[in-house]
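Got a structure here, written out as C-alpha cells. Questions coming.
Order as written gives the chain letters A, B, C and D; numbering starts at 1 within each chain.
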Amino acid sequence: MTMHLEELHQLADDRRRELEGFAHHILVCTSLGCPKNKEIIAAFRQALTNSEAGEKVLVRKVGCMGLCAAGPVVLILPEEIYYQKVAPGDAAEIVSALGREPVQRLLLPSDLPFFTRQYKNVLALFGRIDPESLEDYLAAGGYEAAVTTITRMRPTEVIRSIDKSGLRGRGGAGYPTGLKWSTVAKAQGKKKYVVCNADEGDPGAFMDRAILESTPHALLEGILIAAYAVGADCAYIYVRAEYPLAVRRLKRAIREALRANLLGTAICGSAFSLTIQIRLGAGAFVCGEETALIASVEGGRGVPRPRPPYPAEKGLWGRPTLINNVETLANVPGIIQRGADWFAGLGTEKSKGTKVFALTGTINNAGLIEVPMGMTLREIVEEIGGGIPGGHTFKAVQTGGPSGGCIPAEHLDTPVSYENLSALGSIMGSGGMIVMDETTSMVDIVTYFMAFSMEESCGKCVPCRVGTAQMHTLLKKFQTRTAIDDDLTTLESLCHLVRNTSLCGLGQSAPNPVLSTLNYFRPEYLERITGPVDPCRQEEKQ
Amino acid sequence: MNKPRLATLWLDGCSGCHMSLLDTDERLLDLAARVDLVYSPLVDCKLYPEAVDIACIEGAVSTAEDECRLRSVRERTKCLIALGDCAVTGNVPAMRNTWGTDTVLRSVYLEREALAARIPTEDLPLLSDKALPLHTFVKVDFFLPGCPPSADTIFSALTALIEGRSADLRLNTGFGT
Amino acid sequence: MPASQPDQSATDKRWKTINLVMQRHDHRPEALIETLHAAQEAFGFLDPETLAYIATQLDVPPAKVYGVTTFYNHFNCSPRGEHFLEICTGTACHVKGTDRIAAWAQEKYGLEPGQTTADNRLSMVEVRCVGACALAPVIITDGTLIGAKTIAETTDLIEEWLHDDAP
Amino acid sequence: MTAAQILTLTIDGKHVSGLAHETLLQVALENDIAIPTLCCLEGLSNQGSCRLCMVEIAGTTKPQPACVTLIQEGMVVITQSENLRTYRRTIIELLFSERNHICAVCVANEHCELQTLARDLGVDHISFPGRYPALPVDASHDRFVLDHNRCILCTRCVRVCAEIEGAHTWDIQGRGIRSLITADFNSPWGQSTTCTSCGKCVQVCPTGALFEKGRSVAEMLKKRPSLPYLVSNRTREQQ
C-alpha cells in the first residue's frame, strides 16, 4: 500500500475534527510513573455513563505529564486543569465538576514554576496525545517533517540542517549530531544501518523510557529522517527489556507506521525504504557504549572493542552505522519542522536547544522536565524542582550517573551546558539529576556508584575489571572508617590509572564520582581516616 | 664509629629466607664484621632492642602476636626490609586466605585425622583469618621478593644499605623462582 | 547435544513461540539474545537443555551461548519461586533507602538478593533502575510497581501481598 | 594488488618505517623496541584488553594501546615514560591482587609471562589488598588442568580455540570481576563435547592457569606453537 501526503493529511484532519467534537477531554497519564491508571480510566468511563454530559466528554490515555511526584495526574482540556494524586474514587466528582468550578482538593495549580518555567520541544506532545494512536500523532502534526524530508529534501540538505541546528548527542558524550550523520553518509559502502540506543542504563535517568511510552512515533519519525539522511534502509532500536510498557508501545507504533506506509518500502511514494526492528537489551549498562551495543545487537556478549575504527565506518556487521540515542532522534522532527535557526536560537553558544532532565532524589517536584540549555542549576532545583522537602538543605546534585559527579551548593548558579558540567568535574550524561540533602553521605553515594561500575564492568580490560573492584574495596574502608592515610593516595592514583588506560567510556569515567567528591567534599574522606583497630593497643588497654 | 645494628625476624614463614641468608657462606664473616647482629632467631636474645638500624623480616603476618611484634619492630627500627615472598605478598601462608583459617584447620586437623582429631591450641597464638604481607600493617622501606631471595640478592642488598647506598638498590629478584 | 527440543510433548505451545522467533531470524546466530528472551519468557528461566537446543538450532558454539547467557543480568539459569519481588537499586531509590528494604527482607525471610525461599514461596532480586525514579523508593511485586511510599509502608505492603494468598 | 603504502614515524626518537596496515606494536618490534604485552599473541586477533602496551602519541591526550593502533605518517610515539611505567606496574599489581598467584608453588614458575613482566617492570610488591577469591581447579580432562586461580583472563585460550582450532570450546562466563573461563555449557573440561584435546590453549596460556597434568612446580615450560605458520599452512593445504 502506498500512502501519499494528502491521505496522511486526511487522516490527521479526520482525527482533529473528531477530537473537536467533544466538549471536554479527560486526559489520564498512563506512563510507568502513574500507577493504577487503568482503574482510573475505567472509573472515569463509568462516571460518564452515569452523567448527562457523558457523550460530550472523551477520556483519553496519554503519556507522561512530567510531574510524577503528583501522580496519578489527570488533565482536563480545553480548560487546562491539572488534578493531582487522583484515585479511581475521585472520578465521579471530577466528572460532575466539568464545565464548573474545579475540584479544589485535587487541584494542581497550572501556574506552578514547574509548568511555566519549562520550554517543551521533545516533551511538547507528552501528556497531550494517545501514545498508541498514530492518528493522534498525525493530528498533532506528526510525520510532517519526515514526509517533507523524504519527498522534498536531498540527504545533504537534511544533514546541513541538523548540522546548523547545533544538535549534540543527548546520550552522554555530546558529539555533534550533524557531524556524525555526515560521516556515516560519506562512508564507503552500499549497506548502512541506523541504531537507536534506547538502553537507558543510567540509574536515575528515565527520559528515554518516557519518550518511548509517551510519543513513540516521534522516535520513529526521527529515525526515518536520520536513515534517509545517511542512506540506511535498515534500523534497529535497542531497548531495555526492563521497560516492558515502552517495548509494547514501540512495537505497536512500528506496526501502525508500517500499515500507513510510513515505514516499509517506497515510503509515501518515494524511492526510500526503511525497516525498523526492535532488539531487546538484557541488563548490561555497558551496552550503552556504542561498540558494546553493536556486539549485543549482533547477538553476542556486550563487550566493547577498541576504537578506531568507529562505528560510522565499521559498525554493525562491519558496515557504516549511525548510532544515536532516543532523545537525540526525538529532537530531529522539531528541527526539521521549525528550522535549524529556531533550535540554534535556544541554549548557549556551544550547547544548543533544550534538554530533558529527570529530576529526582530529595526534591519536592520530582519528575521529568525540559528546559533550554543554559538555565542555571539553581533555577532547575529551586524553582522548577520546588526545593528540598522536609526542612532539609541542599547538599549536592548528582548528574551523569555513575559516569558523572556531584555538584555542591556553591556551583548552583552554573548554567547547564556540556562544557560547564564537565568543567565542574561532572558530565551532562543522559540527563539524570539526583538531588541530595545534608543527610546523604558523599562517601556512601560514591561507594554505591563504584559498586555499580564494578558490577557493570564487562571485565575485558584489566584497569576497569580489577581497578573498579579495588577502588570499591578502598571506598569501603572509608565507609567503615578503617582507612589509613595511604589509602587516599592509592585511591587517587588508581582513579587516574583507570581513567587514562581503560578501554571504553565505562571504565574511563568510572572514577568521576570519586574525583568530583574528593574535589568538593574532601573533608568527608579525611574524617574517615581513623585506621583499623590495633590489636596490640587494645591488649594494652585491657 | 658505631657499626649499624642489624636485626632479623621470623614470622609466618618456612625459615627458608634465613637459610638463604646463611647461604652467603664465607661472606657472613664479612657481614659480621660490619654490623652488630642485635636480634635474630640465630642469636640468643629474647627482647627486640631499641634503636635498630636495619631489620630483615621473613614471613607473613598470621596472628595478632605477629602483628604486635611487627608494629613494635617498626617503632624501633630505621629501615625495615620485607624479606622474601611471604613477607612481601603473603605467599604460601596466604593460600589459606581463600577458604578461611577455620576451614583449613578443620580440614587438616579434624576431617583428615582418624585418631584423636583435635585442633591444637595449647601454647599457640590464635591464627588470624588471613595471612597478610607486612605492608598491610606498617610502612616497609624495601621489598626483597623471592622464594627465597638468593644469597647474592640478600648480601648485595644488605651491603648496599650498610654503605648507605639505599637509593640505588637495584636487585635482580622477583616473585617466586 | 540434543538436536531436538528437550520437551518431547511437542504440543507444548511454549516451544512453538521459541521456534517461531528462531524462524523469523532464519536461524541466524545473531538471533541468540532474542531467542533467549523468548525462552526465558516461556519457561521463566533457562536450563541447560534449553540452552543446548538453542545452540544447536542457531549453530552457535555451546560456550558462546553460555557466555552470552551469563553476561546479561536479565537471564537467569534457575527457576523462580511462586512470588517475585524486585527491589530497585537506582540512585534515587538508593538515596531513599531501598537497601533497607533488602535488609528487611533478608531478616524477615532469610533471603539474599537472587535467592528463593526454601518453601519456594518467594524469590527476591535487586534490579537496576526501572526508570520510575520520581516514585522512589520503588519495588515491583509480581510485576506491579509500588512506589512513593515510606520504607515502613513498603515493607507492610510486601507482607500484605504475601499474606493475601497464603495457604 | 597495489603495493602497500610505506609510512614513516618516530618511536622513542628513532626514525622508523612500516606498512600502512601495520600496528604500532608490530613496527616497534621490527625495530627492536620492546613494549610489554600480555593479551597479544601473534596469529590471534588483537583485542587490546591488558592495556600494558599503552604508549604516548603526540597530539593525543590519553595513552593508546600499541597492539591495535595503526601507524600513521609522521606519528611521534613514546613507549617509555615515568607515567607509562607507573601505569604498567600498577596493571601488573592489579592482576596479582585479582586472584591467587603464588609463584613459588606454581607449575609455571620461571616460565610465566606475568611473573617475568613483574620482574622486568620492577614490581617488588602489590600495593592493593589481595582479593583471595575462592576459585575452582578443573582437573577433569585426562591430559590438562585449568586452574582459575592463576588465570588473568587474557582470553588467548578462547581465541586460539575459536580462531585457530575452530572448536570454540572456551568462552567467558559472567562479566567484570566475576568473569571466568568456561567450557561449553560450563561443563567440566573432560566432558566437553567440542574440545579436540589439541592442547593449543595450554601452550598459549601466559601463566600456569592451563597446564599439562603431571607437571610439578616450575616444570610447565610452554611450547608456543607458531600460529601464523598453522594458518598459512592450513590455507595452502586447502587449495
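Simple rule for what comes next: contacts are C-beta pairs under 8 Å (C-beta built on N, C-alpha and C of every residue); 3 or more make two chains touch, one makes a residue touch a chain.
The model shown is predicted, which means the values in this text are computed figures rather than measured ones.
Engineer: Across the interfaces C-D and B-D, which one involves more C-beta pairs in contact?
Structural biologist: Result of the comparison of C-D and B-D: B-D.
Engineer: Look at all chain centres (mean of CA atoms) and spot the one farthest from the centre of chain C.
Structural biologist: For chain C, the chain whose C-alpha mean is farthest off is B.
Engineer: Report, in whole Å, the distance between the mean C-alpha point of chain C and the mean C-alpha point of chain D.
Structural biologist: From the centre of chain C to the centre of chain D is 36 Å.
Engineer: As a quick test, compute the distance in whole Å between the mean CA positions of chain B and chain D.
Structural biologist: Centre separation, chain B to chain D: 34 Å.
Engineer: How many angstrom between the C-alpha centroids of chain B and chain A?
Structural biologist: 58
Engineer: Measuring from the mean C-alpha position of chain A to the mean C-alpha position of chain C, what distance in angstrom results?
Structural biologist: The answer is 25 Å.
Engineer: For chain D, jot down the residues that touch at least 2 other chains.
Structural biologist: In chain D, residues 127, 129, 172, 174-175 touch at least two other chains, as defined above.
Engineer: Residues of chain B that contact two or more other chains, please.
Structural biologist: In chain B, no residue touches at least two other chains, as defined above.
Engineer: Which residue numbers or ranges of chain A touch two or more of the other chains?
Structural biologist: In chain A, 284, 301, 458 touch at least two other chains.
Engineer: Under the touch definition given earlier, write down the residues of chain B that touch chain D in their complex.
Structural biologist: Chain B residues touching chain D: 82, 85, 88-92, 94-95, 97-99, 130, 132-133, 135-136, 140, 143-145, 147, 171-177.
Engineer: Which chain C residues qualify as touching chain D in the complex?
Structural biologist: Residues 1, 48, 51-52, 55, 61-67, 70-71 of chain C touch chain D in their complex.
Engineer: Quick check on the complex: what are the chain B residues that touch chain A?
Structural biologist: Where chain B meets chain A, its residues are 64, 67-68, 71-72.
Engineer: Give the list of chain D residues in touch with chain C in this complex.
Structural biologist: 162, 167-175, 182-186, 193-194
Engineer: What residues on chain A touch chain C, complex-wise?
Structural biologist: On the chain A side, the touching residues are 32-33, 35, 68-69, 71, 200-206, 209-210, 241-243, 279-285, 296-303, 358-362, 366-368, 398, 401, 432, 434, 436, 440, 445, 448-449, 452, 458.
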